[in-house]
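So the structure is just underneath, and the comments pick up after that.
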Amino acid sequence: MRDFSIENDALAAQVDDLRWPSARNNFWRALAHDPKTLRRTWESVKQVMAPGALEPKVKEMLYVAVSIAHGCTYCIHSHTANARAKGMTEDEYAEMIAIVGMAAETNRLVTALGVAVDDAFLVDPPQNSGPDF
Amino acid sequence: MRDFSIENDALAAQVDDLRWPSARNNFWRALAHDPKTLRRTWESVKQVMAPGALEPKVKEMLYVAVSIAHGCTYCIHSHTANARAKGMTEDEYAEMIAIVGMAAETNRLVTALGVAVDDAFLVDPPQNSGPDF
Amino acid sequence: MRDFSIENDALAAQVDDLRWPSARNNFWRALAHDPKTLRRTWESVKQVMAPGALEPKVKEMLYVAVSIAHGCTYCIHSHTANARAKGMTEDEYAEMIAIVGMAAETNRLVTALGVAVDDAFLVDPPQNSGPDF
Amino acid sequence: MRDFSIENDALAAQVDDLRWPSARNNFWRALAHDPKTLRRTWESVKQVMAPGALEPKVKEMLYVAVSIAHGCTYCIHSHTANARAKGMTEDEYAEMIAIVGMAAETNRLVTALGVAVDDAFLVDPPQNSGPDF
Amino acid sequence: MRDFSIENDALAAQVDDLRWPSARNNFWRALAHDPKTLRRTWESVKQVMAPGALEPKVKEMLYVAVSIAHGCTYCIHSHTANARAKGMTEDEYAEMIAIVGMAAETNRLVTALGVAVDDAFLVDPPQNSGPDF
Amino acid sequence: MRDFSIENDALAAQVDDLRWPSARNNFWRALAHDPKTLRRTWESVKQVMAPGALEPKVKEMLYVAVSIAHGCTYCIHSHTANARAKGMTEDEYAEMIAIVGMAAETNRLVTALGVAVDDAFLVDPPQNSGPDF
């Protein structure tokens, strides 16, 4: 069994080095078994969730929506808490839940029926190719 | 083989009855094989995506995020088009994609590590019980 | 924290209005936080699961099979209970479970191998287009 | 590149040995790169889909429902063709599709809301333990 | 309620017949409600996990990786235990977890962006067709 | 429509800056619409797939296995090509595919049956808690 106690100097050192006071939850602690993955994931989440074009609240709600689709109970709880802390109201929460359910239904209907993408939707598609170098 | 031509009076009638001029895309046409499911799904999507507490643009982005997680190419295209039509910028699109990817990664890390939900996240949990009647 | 007690008049009213004596389980109670979604989902499930071309028992078994694939423990339990109440025998239950497992295996094998759809399967395909209006 | 031509004696031999005249579709041919997996999968599918307590048509419909949830286009096509060959009507097909969509929606709503399993559903649960030997 | 006690002669007989002393865990016991599926699954797992070209440890790690993607907690636990018993080190475990997370992220990014397969990857593709007989 | 041509100086600059000669495939080019995500993802994949405790070939195979479970065709192709380039034989490929299919089957059987984790598997569980600081 590995030693996760605070007396484990190597672990304590890398945690101190990270300085993540607000992140002492079970997820980051579970990742502490692998300092490299802990640090990379921490830096990545910080970049992705940093203030940007989208409201912080909306960013957390997108995180929750994906976590529901992937069936991650922990992630649903933690990012719902985050979304609420960043201003999500109960009405917004209810609307988000309803959209996730509705999307799940039409996603499966579309897959079942093998619906071909309309040309109209391809006029300005998600960019799926880069520069021609 | 069923008859989906416009000469099919029963089908034409139910389509006219629905009056869905803006929805003549392949999804609704594919659902036309089942008028009851077509109507119910149409009414449900209308209710869920109607103006509410969340911006229409955000609603469409939540729809796209779930559709990516479920692997529905058609839905990704159609709701990305909708989101753009409702004002989603390229920067917002890029941030949304990044969040979906990041959530997928931590969702699976959490599942892999079997992380238990922190008590702190349960203070104001998603409501999972109703009145005690 | 929201008030879900029976003394909550608004909630009690909308529940009474729905008249869902047989549905006082945790799912519908959890949805009671959002009367609009509760009512729409209730009406939709009623339509979809109503007596039709398929036996009620078979309908519930299809619901269970999808719920297993989506990893929804609650749904597996509730619709298995429903299927049994509607006549599913233990042998039918065992056969259903075996099919779900088998399908999962060949689904992934097909995805892994990138198998192209045989022309023969396209002779009478799922309808993926509607009227040409 | 491996040799899948009929002149490949080893392959031809194992295929002849299997005697699968009705199964010369792309799936079984793709599996022919691995005779052991081909034979095991073939024997397993035969056992699972053999006449039993459930109607052959219902068995194929359960297969389709799971394949939709897993997003396997090939499997949706092949087992829909099978289901039709075994008597599935268009009305039954439409009802099945609607159930898959509905289940997807409530599956995700339940996951989102973290609904606890009702005691009533545990009275006669799926057997999750065996003999105490 | 079915009788899973050791006094159930039919069950005891089929279990004895299988002679699976090392497999008295909850999975095989749960499958004991269906002797035919129990035996087929047992024989299949034995074939798939038998010593072959891949190290036993690697085989178990592939099993764990898939189980994480499918959200099967039991399977994650049981096959992680197996992988450790067959020599997986903590460093290998950490690397595996990191790969599963990374793959989940790029899987979803690719789906989101609708990336087309490069011709270079098709030079020596997974075999998706068999002999032309 | 955004400009992905090589004449787009900003894009050309960030691509040059990255120096990713071996990575000029469609995935990285698709990500070029978002330089920040491109760079972060590139650095992350480099870290995760770098030489470590596991063989490079095994790392790629784990990537393929997860990509199959998530239904990402592009990722299956690209990482299968990588695995072959790093020494995966046809026999190893066949064994990997068989394991993915088998895991999918037992994953769903376990979920269907609600199998509880054996105590024995918890003796040396995946670490799900960190230091107690």
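For reference, chains read A, B, C, D, E and F in written order, and residue numbers begin at 1 within each chain.
As a convention for this text, a residue touches a chain if its C-beta (ideal position, glycine included) is under 8 Å from a C-beta of that chain, and two chains touch if they have at least 3 such contacts.
Note that this is a predicted model, so its numbers are computed, not measured.
**Q** Moving only between chains that touch, what is the shortest number of steps from chain A to chain E?
**A** Step count on the best path from chain A to chain E: 1.
**Q** Enumerate, in label order, the chains that touch chain C and chain D alike.
**A** A, B, E, F
**Q** Higher C-beta contact count, A-B or D-F?
**A** Higher contact count goes to A-B.
**Q** Looking only at residue numbers at the chain A/chain F interface, is the share used by both copies over half or under half? Answer same or different.
**A** same
**Q** Could you check which of C-D, A-E or A-D has the same interface as C-E, with more than half of the contact pairs identical by residue number?
**A** That interface is repeated by A-E.
**Q** Where the CA atoms of chain C average out and where those of chain F average out, how many Å apart are those spots?
**A** It comes to 32 Å between the two C-alpha centres.
**Q** Taking the mean of the C-alpha atoms as each chain's centre, how many Å separate chain D from chain E?
**A** 17
**Q** What's the distance between the Cα centroids of chain B and chain D, rounded to whole Å?
**A** Result: the chain centres lie 27 Å from each other.
**Q** Where does chain A touch two or more other chains at once, residue-wise?
**A** Answer for chain A, listing residues that touch two or more other chains: 2, 26, 30-31, 33, 36-37, 41, 44, 66, 68-73, 76-77, 97-98, 100-102, 104-109, 111-116, 124-129.
**Q** Quick check of your reading of the touch definition: is the inter-chain graph here a line, ring, star, complete or other?
**A** The chain contacts form a complete graph, every chain touching every other.
**Q** Under the stated contact criterion, what part of chain C meets chain E in this complex?
**A** 71, 90, 94, 97-98, 101, 108, 112-116
**Q** Name, in rising order, each residue of chain F that touches chain A in their complex.
**A** 1-2, 4-6, 8, 11-12, 15, 24, 26, 28-33, 36, 40, 44, 47, 124, 127-133
**Q** Could you list, by residue number, the parts of chain E that touch chain B in their complex?
**A** 68-69, 71, 73, 76-77, 97, 100-102, 104-109, 111-114
**Q** State the interface residues of chain D toward chain C in the complex, per the touch definition above.
**A** Residues 25-27, 30-31, 37, 41, 44-45, 48-49, 52-54, 58-59, 61-63, 65-81, 84, 89, 91-93, 95-96, 98-100, 102-111, 113-118, 120-126.
**Q** Would you mind writing out the residues of chain A in touch with chain E in their complex?
**A** Going through chain A, the ones touching chain E are 2, 33-34, 36-37, 41, 66, 70-72, 125-129.
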